[in-house]
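Both complexes shown next keep subunit A, but they swap its partner, so subunit B is in the first and subunit C is in the second.
Up next, the complex of A and B:
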């Protein structure tokens, strides 16, 4: 049991999909192409129909920025045969790369694709919630980067008090799988997690 | 994805592609530096950051390309290497928001250390444009440039010397201003007017409003109840640091925001309440139909029109203009074309359902105050002058000018900004000026150009352009129109005899240099910058690291050239670059009591001018139009412009109105061959063509042809297919992204992709200008690069 659970908040009504957060993360952590601890998924749906000369659109789109969500029931920690994945007291899930044997079991256990393999080192890598910044009292790089001010972070119970408890949103998996430490503010068009009305619009980017 | 669960969506789809990628990366692993350099495993967790070890200093600097924003960068420097890029660390408030850098700004470290940076001076050894160069010394390079400048000036005169439009740098000491100063001091150069961004808007706005500065300050948007963001897309193209933030704050404060755009932009999906897709180039038809609804339903503000405008109706026309030429007459079908501009009429042109047009007109007219804020993509189209003045008409008809929460429309730059000096470009003794988009024309037939080509200052030019200084910009090739025609002109060394280029990378413009000089980047020099849209902040740039390789600052390069040309002292006035920066800030120091002083500002990195209240454009005029008339001939808002009437040009009516575009739609015979309209949007991952070279950004947002699901389906094209995009001007071959976020009939090839011809001349880099034309707008002689018809096929 952790004392506290650090969590992310994302206002989906404000996230533009600009990826400042993704690049801020890559820069801070010096991640090569191929490793993205934070990714931004575009969910799109709707159709075009003709009405006389005009086009009528029911098209909608929104973006979901997603990193490791430092799940309360972190399945990665259970999947790792060498106990390389640990949850800190503040709920942050860290990987001890010295213990990682590169078997990549955790990769398949994480519903969010947060664990990513570094082909150069043969180790798994993941978002550490900018634990060094947290320890210094500084905001995580991604949160502090957002030009839309769509992100926030803090103890999960506080975020829920402030923003509600929405964690289920398409195209993310069912939160009951791992109890992710995240709260979303809904986009006017955001769909429930189980919705299949749309699709990931930028598959090659995530 | 029909019946897959969402768990599978993310898990299988993204992870499978990632797995295969990692294998590739492992295979070439030897070349990649070990992430994190000195990371020590065995800590509690592996902190991978490159800056985890040793002493780190944080250097305040900035990102100044040409997105319109200028953002704060704090470069972490360790052992003479930039290891991390942070952004503004000051408190973030609505009154004084952080100047947060976007994904591009955060990538500046990757730009600095990019393996493809130009490292030393080079001279061309192959055919011009072949990209074949040989390394030479700085001395040889600068001697050659100085000799050629001297020779060409003597042989052809200063009118043959041309400093090409260049906006890759947006700081005070940017390359373009250095080259301008050098050439002016050396005896002058052919001037140009306009720019590639808003030629038509700059030209048209003053005809209606007497000034280009028609915008209020952004902190006033929270006072709006309704915002019509018409082709306005700050979430992607920035338009001033924090513009998207202010727009979102307006929505949070209760404004309803509607985006009108052929694309569902990021502004449409993340800021607006609603998106109204429109056929590109038909904005005026929508405006005219909205006016029709307002007039027929009596929703327009007749008192405002009577007091503040001329030309709305027949009772308020200048003397001597025949009846039927007011805006009202045009809209109601009482003018020459006898066509009422009904919503039905507009539906077939704009592709917007008539009911939606009616609702939009009512909503805009009845919600007060309302702001119709225009983007400038529309002004880079065939008749780009029309939407600019058309927007002003609607703002006037609803009385939204000169009040809090309103907006006059038009160009929208704001009079209010921070006071700061600059690096003087010097006096140019040459009077002649060409429209900037016609410089290739002036290479081929400059001496034949006249007023009909927009030549001003002289009747005829004594010479064609023979020398081009291209300093810090990519308009020599990549960002100019019709690349195939442009390179044909440039390849002929008997036309333009010498081209010198300062660059960071071997882009298309660099390839056409005769002498190619490696320039230093922002992180390698002392400088300063303000934003161009709403410049309320002053960002100090301190040198984070010494210039890499043999790169030198544009200032140093031009100073050395000046020395060789015998004007060294005049050029530098004995000052270093940092001393020029210091001098530029003197006026800021004098103007603002709370300016902390030069040294402190350099340390802190940012100074923001504070204002007590939002600035409202035309407030004086609104309060007292007699006492504070506009600078138009009548002193009023000129819905009908007699000055434009007198120009009597095709496609340039005296009241703004819908003019069907060439290469616009089914009415153009070319449409049969090329039925898709092609635009080049501003892609978030680049600032024009800058940052195209960054692998992180390519991974985040690769260059693609964006195509509507409807058009892809009818052509049997699927997401990810390699496609040919072509017209009579050229062909691009690139992968397609099929998306419902575009109005059917439109494809978008985001502008700024780097032109890369294969052996058949097919552009596999994806520059939209392989497809664009060199035609100009009728009023401004501005570029119309968004108007182009193409066809797309599976390759």
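Up next, the complex of A and C:
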């Protein structure tokens, strides 16, 4: 029997961009400098435009926290030449490091930068949805840490019933590429995935 | 641009050159034995055939440089069902094995001619599958400058272009060796050498023509791409790496077309083997450097889609 696909929910309107989730993830998984399984991407755009004697602002900014989205059609698992990446029964994508050859091909296939290379071990690393916590019935570290309570997780179908089915948000690529297990609550300013009106404002951080 | 990328540049070019040499040697052998004695033809082709092995092995050794855990390299063929990378390695290995079997049979003249032909055809088919799967490795939806028909086309052109001129160098070297061993010029062998070189440089000119059409088209398609990443990839190629990009095209043209013309004329004019050899070597060197720059740009200029 296959269990339901596990997924994340992020309420973009509630997110303050504080990055507590990113730090909680680093702490829980003891990640080295340079490896970030969860990153908060700031999308910014707009301008000041003159309208008669007044200047009107169209400036906007919002944050999108992104980790491995445990895609339903995980392109990393298709790409991996040694079958080191596998989807668990609950849809969580796990890496078997003993099989990883460190070719980094999964990195080229992932839309979300979830696969990250560890130079010390010569292996790829990734978010495991805090699988150990899930098995103990505890919340993933990122979800538990959010001071705005902007994050949730659970079976994808249940999240969609509760929050809708928005998965296409700039600057994330077209969700049809990999069918990510994620639901977003819209931000008043959030743009569709193909939007080129803004840019990533904190490139040096992510 | 670290060791990671250089190992892929070396692996893809040497792998493609190996297949190109194998395919074109087959064509030359087939055409040449109609007009020349088989024994004469094989005095030039057999040593070129044997040279493929070390080149291909060197390519595979270089490929290990891009693995974080090279001791696990043998696991890379486990996902043949899904992964083009697994298929690339599998076809590469099968080409190497079948090519080695053929080279051994050909060198020692084992088995009847027809049987050796069949083995060679099998190896050639596996070689083509190796190049095609190598291209499909890169045709990923998130990598706009790789996910174009130009990738298999340029890989095939690189294969045949470097292969063509590498054979020219190998023939010149084989001829020099044979002449030294015989202690005298063989008119028949010299005629064969010059005939072959003319055919090879004509092929090189056609191939570089195909390349000079494909590459600008690829840039045009990218500049008009739907994603910002595609447009950025084209811009990196023509502005950030503009000089290298121009140099890469110029080297291919000078090497294949201009040096090719000189090779053609010098073989007609019965110039000395030393001059002809120098020109062939120059053509190969220039084209090879051009191809290395081109492959460097292939990796360096690509801007992925995604975060």
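Going forward, the second predicted complex is superposed on the first by the 197 of 206 C-alpha atoms of A that agree within 3 Å, B and C clash if a C-alpha of one lies under 4 Å from a C-alpha of the other, contacts with A are read in each partner's own complex, and residues count from 1 in each chain.
FYI, contacts are C-beta pairs under 8 Å (C-beta built on N, C-alpha and C of every residue); 3 or more make two chains touch, one makes a residue touch a chain.
This one's a predicted model, so the numbers in the text were calculated from it and none came from an experiment.
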{"item": "Touched partner set for A:177, first subunit B, second subunit C, both or neither", "value": "both"}
{"item": "Subunit A: partner with more touched residues, subunit B or subunit C", "value": "B"}
{"item": "First, second, both or neither for A:38, with subunit B first and subunit C second", "value": "neither"}
{"item": "Which of subunit B and subunit C A:146 touches, first, second, both or neither", "value": "first"}
{"item": "Partner chain(s) touched by A:117 [first = subunit B, second = subunit C, both, neither]", "value": "both"}
{"item": "Which of subunit B and subunit C A:79 touches, first, second, both or neither", "value": "second"}
{"item": "Which superposed partner A:105 touches (first subunit B, second subunit C, both, neither)", "value": "second"}
{"item": "First (subunit B), second (subunit C), both or neither touched by A:131", "value": "first"}
{"item": "Partner chain(s) touched by A:47 [first = subunit B, second = subunit C, both, neither]", "value": "first"}
{"item": "Intersection of the subunit A residues that touch subunit B with those that touch subunit C", "value": "39, 41, 108, 111-113, 117-119, 121, 123, 171-173, 177, 194, 196, 200, 206"}
{"item": "Interfacial residue positions of subunit C with respect to subunit A in the complex", "value": "4, 66-70, 72-73, 75-79, 82-86, 89, 137, 140-143, 226-228, 304-307"}
{"item": "Complex interface listing, subunit A residues touching subunit B", "value": "13-20, 22-24, 26-36, 39-41, 44-48, 51-57, 59-63, 94-98, 107-108, 111-113, 116-121, 123, 125, 128, 131-132, 141, 144-150, 170-174, 177, 187-188, 193-196, 199-206"}
{"item": "Residue ranges of subunit B in contact with subunit A within the complex", "value": "1-7, 9-11, 13-15, 17-19, 21-27, 29, 32, 34-37, 41-50, 52, 83-87, 92, 100-103, 106-107, 109-110, 235-236, 242, 244-245, 248, 264, 266-267, 269-271, 273, 275, 277, 347-348, 350-354, 684-685, 695-702, 708-710, 719-720, 737, 739-741, 743-744"}
{"item": "Touching residues (chain side subunit A, partner subunit C) in the complex", "value": "39, 41, 66, 75, 77-84, 99-105, 108-113, 117-119, 121-124, 171-173, 177, 194, 196, 200, 206"}
